[in-house]
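Multiple structures follow.
Below, subunit A partners subunit B and then partners subunit C, in two separate complexes.
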Partner chain A sequence: MYLRQVGLGVVALLTLAVAAAAENITSFSLDNGMDVVVIEDHRAPVVTHMVWYRIGAADEQPGKSGIAHLLEHLMFKGTENFGPGEFSRVVAANGGSENAFTSYDYTGYFQRVAADRLALMMEMESDRMRGLILSDNDVTTERDVVLEERNSRTENNPGALFSEQRMASLYLNHHYGIPIIGWKHEIKQLNRRDALEFYRKYYAPNNAVLVVAGDVDPVEVRQLAERYYGQLQPTPDLMPRHRPSEPPQISPRRLSYVDSRVSQPYIIRTYLAEERNPGDQKQAAALTILAELLGGSGISSVLGQELQLKQKIALHVSAYYDGLSLDKSGFALVVVPKEGITLQAGEDAMDAVLAEFLENGVDEDHLARLKMQVRADEIYARDNIQGIARRYGEALTSGLTIADVQAWPEILQSVTSEDVMAAARQVFDRRRSVTGWLMRSDDDEGGE
Partner chain B sequence: MRFLAIILLVLASALPARAEIDVQTVTSPGGIKAWLVEEHSIPFIALEIRFKGGTSLDLTGKRGATYMMSGLLEEGAGDLDAAAYLKAREELAASFSFDAHGDAVSVSAQFLTENRAQAEELLRKALQQPRFDQAALDRVRAQVVSIIAGNQKDPNQIASDTFDKLAYGDHPYGTPSTGDVDSVNRLNREDMITAYRNALARDRVYVAAVGDISAEQLGVMLDNLLGALPETGAPMPERAKLLLTGGLTVVDLPTPQSVAVFGHAGIRRTDPDFFTAYVMNQVLGANGFTSRLANEVREKRGLTYGVYTYLASYDLADLYLGSVASANDRIAEAIAVIRDEWRKMAEDGITAEELEAAKRYLTGAYPLRFDGNARIAGILANMQLDDLPASYLKTRNDKVNAVTLEDVRRVAKRLMRPEDLRVVVVGQPVGLVSSDKVESE
Partner chain C sequence: MYLRQVGLGVVALLTLAVAAAAENITSFSLDNGMDVVVIEDHRAPVVTHMVWYRIGAADEQPGKSGIAHLLEHLMFKGTENFGPGEFSRVVAANGGSENAFTSYDYTGYFQRVAADRLALMMEMESDRMRGLILSDNDVTTERDVVLEERNSRTENNPGALFSEQRMASLYLNHHYGIPIIGWKHEIKQLNRRDALEFYRKYYAPNNAVLVVAGDVDPVEVRQLAERYYGQLQPTPDLMPRHRPSEPPQISPRRLSYVDSRVSQPYIIRTYLAEERNPGDQKQAAALTILAELLGGSGISSVLGQELQLKQKIALHVSAYYDGLSLDKSGFALVVVPKEGITLQAGEDAMDAVLAEFLENGVDEDHLARLKMQVRADEIYARDNIQGIARRYGEALTSGLTIADVQAWPEILQSVTSEDVMAAARQVFDRRRSVTGWLMRSDDDEGGE
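Up next, the complex of A and B:
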């Protein structure tokens, strides 16, 4: 049994590798610069239609945090051709489901409908790429909705508030230190002009990736894409995404967040870590395997064996790393101490396990089990076409190519224990880390 | 109004697809039944097993036993302790998960064709020879206690637990499946064995398999996995008496956003009016951007990020429930708008356009659910738990389409009872005071 996530602000990826067999994937670009990926799966007459923009919260101007996410909400407000609310009504009237999401590096929109409704989805999605109409009232009302969303996700959740503070400490200069949803005081100031400026510049075919997955024919998808998206005007002179980068980090940082609503104190340490880069994913693969070995699977992982089974001082442990990121990512270690064990004792024990791991190296049987899992995940992943579509969209808006996505499982398979140890020695540098304690009260050491 | 033209065009060219799911009913040599969909294009199998009864089978004073027992099934079995069991599963890259709720214990398994026999053997051990080692029990107990402590500080959980207590009192539905800290701390190994024998038996098991397996192979697997379980388990729990009255309950919690759960008596899954109620709920508050509540509370007024309602039709009781969350100084307005919509629905029902839109959505969305072996297996297992025949897959949309405007008006009058609405608010809501003195924990 696993303790459910303790509000770490991340969802652990149990799936190591996701890639569809290359023969099911077709890709091309339209004349106006829009990239298209088609993933075929003919088991059910369903299609997932997604448009991903290479724009996210980490691309916002200073003082305008939250504009990428607010705009995502506003994209449902209507155009000349489809009035307010019509987009959602049409999707629903066709039995479809839809949603949208904003991250640091991308903003995405998707609909899942019967395969024969693809043209209609393209008609509406291409229409709102350039034709959004916003009133002041749309913006102020939706801004209230977003503030309530922030209340639900963050203000009512001490673990999420803690996560914001930790991210702000990990990134001294990069926008990853600012929450995706935005700081509350800045969300309150966002207006219609901010939204439209952002929209007109970044919502353009040359800044977008179309992913169509399901029971479709790539030739037909191409014709439809050309008809609907192909006529849209690109944004001229769109600059490559260069965000402020981190200076050399030379000092370990610590913080504690105290909130009476906390029920379970815990420790989380995050190290700045290399992300997956185009044509260069080896280091990220080693870090992915390292996280799985240390804390990917509870009591069979290195931290779990020692802290849960042997010393019996932890309720839950985990290690987390996601290399899918445009800029520097984080490698996190979590220890949730048992009642009677202080946060300091938990942290010391975690450091002792790390030191021992650096000394002893990788258990080859454990590595073999993970490689088996990587291979199996490629099979299981084929059962979830929407998951595969999402992975391609994420990768292509995080600086990677289709070839990188397809090479990833093999790169994971090729990781040796030496690679893992080299990655461990490099990433576990306390000067590039933030250690956080989540506490119930100022004098709460977690050991009451 | 280009929108209307497009809709008509699409409807003329393609009516909503039917769920083309070819379900075989398999009976094992030993007499155990299962539903199977063969799908050989991906070399793995998704298996879903349900044992009816679930945590409502907890004995008096042993609340939380079934929940903890189900968490311990994967913590050591046969000759393998917890760590060895987990490693064995990892070597096969199989995934097993065990869960328990008020109506069933659920087992979800996915395993590869290439090592099916070993995965089956490992799953057999968990189902037939769980060890309930003291070390595993103590470890999992500490995790459960931590989960309970978390729930007691979580506004959403407090709201639904408070509502359940008001609705069901001492019936098992009235308290959390996890048990409370005291009851869980008292549970011992004997209690786990009792809960296991009570919950996992052949007279209450339902199975669905989807994937790379034949009917014959599945038959052998069923006997192997389940044949040695006892013929019968504990008697099924009684239906719950609904104790709910209309009114407002405020639970003070220092947090910036109030969370509200609201509702009253619902409708049984077997009631001839169930589908009418289902269509009505689609219009009022089913999740999505298009319901009346989403429109009034979120779109027009910006009062919430999420408001929804659902028919909570369980094995032992039925409620019509909803939920909303708004800042402490705005929740009163959100609740007032919801009460207003409740009354409107009771008095006027829905419009012809709303009925048409709801039918289109429900009938169009239904076949789209059936994508992916794991998803299909889950749906088929839950259908059996609801006592639905396999033919339901083909008749379900007809039942939705048969609902008339007059049906909805009649059922709305019967189901929607504004004066019986109980609202539980957790937070520090401005301008809301409990309407009656209610014990709440």
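Up next, the complex of A and C:
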């Protein structure tokens, strides 16, 4: 349906969407420094309650990798007011669902409940922001759970191990090179003191963003937030986040990982790439469109057309870029060669496509179709209130503002083919890249 | 001369050397935790006075790279008792020479003066251990000096830039991957507060080793040390050094650095390697001998014989390993191909030599000759009192003990061909290596 709207009032439609979003959103800060975003959506009597901390795995101290994620687990242990496991039991007993996760830049806690249970969620979430009680046994038990999680997700997954080694090579200095879940040998040594130090410093109202989305009234949310969160003590002298940044990357890197468990060998090259910055998202928008053009929608993409349809040497191709990041992100290209096609041949073909793209530039029709798709995705995404809430939480804990979130769709639409090519020429610098080969066994070709 | 002694009393001679060393060395600790080593050598009326801090670049906080080295510069700024630059002026006025340097694991300050000036050196060195005065201007001025040092030593030196990128790739987690002088963009941001925090915490008697070597009496040294250093306050609650260690390295890495200023392209492969550990130096000794066998003495080495003499494809080869390191070290192999020989051909030839060596094992005559050379070097080295003093200072700030230093020559002599081959099989695992190509220009072969 949306494909037929090419050439119609893209900007007008978009303006409408942004205006609507702006109308539904209220934001303010509590006296103790906690930021609050309220997103109204009265279609159903439910509310999503989220607390986002501006702290993630990339903020961990050297040697303490995994502490942000371990603490996320420990947050369900209990306080003076709610015993161990009670948080989750109360959410479930009230018909709610919940979730929590840790990223490089943030840690978030969500509940989705009937709108009239919001006060209860705030009571419990504010209670555990400052009142967590941890025993040594809590920590060692949960550490074992996390180690088991790492075993199943990473150690038993060649692709995940490969990814860890590639990230460690992509970043020469920044802690995005350290896995979110932590290095196994460092997880094993985390203890109660590490968890409490991290918790007391970073789990504080002046380091948190509350996002409430759904069938709520902003005035009432404010009153509740002041009652529950407003009485919490901030961490004094909390310094601005400051991570080590990258030195000039001046040498292309390659690595190969061989594992008998690999079912499908592939090539992935990741270039260091600019992220979305407050008030300055143009480059990231061009990279977002570039990724879509090159490998976004499978066979209709530049890589798909050439390697899957025309040359028939790839099973799958993709290009990936996520600009939502506090510090420099990555732009990845993936080629999964067909049986009988070597990784070297796949990589050479990928490089030939890139060279041709840099030579020939963007097909304007392709760009127009893509931007229409992006716009449609954006409009559909607005129906998912939890997704919208998440978008604000992620952005506000990744260095962006509400205005940046609201401007983003329009910035994406304003990207021109010249912007895309300028971004491509900037990002495709092999000196700032890691090329990885995931290989099945030693008798595969010599990638390293 | 020493070559003719093959088969004679190696062990007897060695025992003699160790016994002599043991006789000349006295060690004790002051009440405030400062360790003292006195090495007597009455051949000339001079003394070397060294203070070694158990702090180096690998102990820096993330984002603060270069602070250990910048502080080394700032230590010459002045105190209440000795104005800026006076330290060096006094040393020179007393006919002395001085030096200071920063490594990954330690920072050291040396003076060599007439033996009767020892008290003066202690007075000044103890004074600046706790009494350094720094202005903002001192720091910004010296930071510019360091930036200029980095410009001339690193930025204008393709080999140094190449080395930085390789080290960052060799270590996935440990801070040996960060250059000692610091990343340029981080040096630029270092300030007075960073310097003073680092100084106050780590420049303390309980984090220092005093080494006094030369024409001195241990009893007098002790009295002087107690008078000058003994009155200094230790840093309370100084934690044991704990650096992030490496996760399993499971993927071979490669990188290439292209620079038009490169005069001589070469291949260097570095494998992560075990270091000398207290009470456990056997593996490091085998690796030391292995490096000598493979590439230590140029053309008489395994690589030299094959690549320089026989195949005539290399201008130069070398193998390098330094076990004196607090944490995991590196074992490097270098091949500089002759004009007209590609880096790929050079690397393939190097790998063929390695494979053959692993297959054929050690030539016993070669090993015997080498051990004799090592022993001779050791005996001659004992004549250099400053070198000996340095050896103890380095060892005691790199996790070793006096006993380890004294046992080391004997452990080296006890290395068998089986030990060497076991160490070779252990260390030559490509998954724990980085292979680097230093290349002159883009029209060289495609290494990356």
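Definition applied: the second predicted complex is superposed on the first by the 424 of 448 C-alpha atoms of A that agree within 3 Å, B and C clash if a C-alpha of one lies under 4 Å from a C-alpha of the other, contacts with A are read in each partner's own complex, and residues count from 1 in each chain.
Methods note: a residue touches a chain if its C-beta (ideal position, glycine included) is under 8 Å from a C-beta of that chain, and two chains touch if they have at least 3 such contacts.
In this text the structure is predicted, and so the values were computed from the model without any measurement.
Asker: Between subunit B (first) and subunit C (second), which, if any, makes contact with A:D429: first, second, both or neither?
Answerer: In the superposition, A:D429 touches no partner, neither subunit B nor subunit C.
Asker: May I ask you to name which of subunit B and subunit C touches more residues of subunit A?
Answerer: B
Asker: Looking at the overlay, what does A:E186 touch: subunit B (first), subunit C (second), both, or neither?
Answerer: After superposing on A, A:E186 lies in contact with subunit C but is clear of subunit B.
Asker: Looking at A:S152, would you say it contacts subunit B, subunit C, both, or neither? Reply first, second, both or neither.
Answerer: The answer is first: A:S152 touches subunit B but not subunit C.
Asker: Name the contact category of A:T141: first (subunit B only), second (subunit C only), both, or neither.
Answerer: first
Asker: According to the stated criteria, A:V336 is in contact with first (subunit B), second (subunit C), both, or neither; which is it?
Answerer: First partner only, subunit B.
Asker: Considering only touches as defined above, state whether A:A168 meets subunit B (first), subunit C (second), both or neither.
Answerer: In the superposition, A:A168 contacts subunit C only.
Asker: Within their complex, state which residues of subunit A touch subunit B.
Answerer: It comes out as residues 1-4, 6, 43-46, 76, 81-83, 85-86, 88-90, 92-97, 112-114, 116-117, 120, 123, 140-149, 151-152, 155-156, 260-264, 297-300, 305, 308-309, 312, 315-316, 336, 338-339, 369-370, 372-373, 375-377, 379-380, 382-385.
Asker: Contact residues on subunit B for subunit A in the complex?
Answerer: Counting only subunit B, the residues touching subunit A are 2-3, 6-7, 10, 13-14, 16-17, 20, 39, 41-44, 46, 71-72, 74-75, 82-83, 86-87, 90-93, 95, 98, 110, 112, 139-140, 142-147, 149-150, 152-155, 253-257, 259, 288-290, 295, 298-306, 325-327, 330, 357, 360-368, 370-374.
Asker: Could you please specify the touching residues of subunit C with respect to subunit A in the complex?
Answerer: Of all residues in subunit C, those touching subunit A are 61-63, 65, 161-162, 164-166, 168-169, 172-173, 175, 177-178, 183-186, 242-245, 247-258, 430, 435-436, 448.
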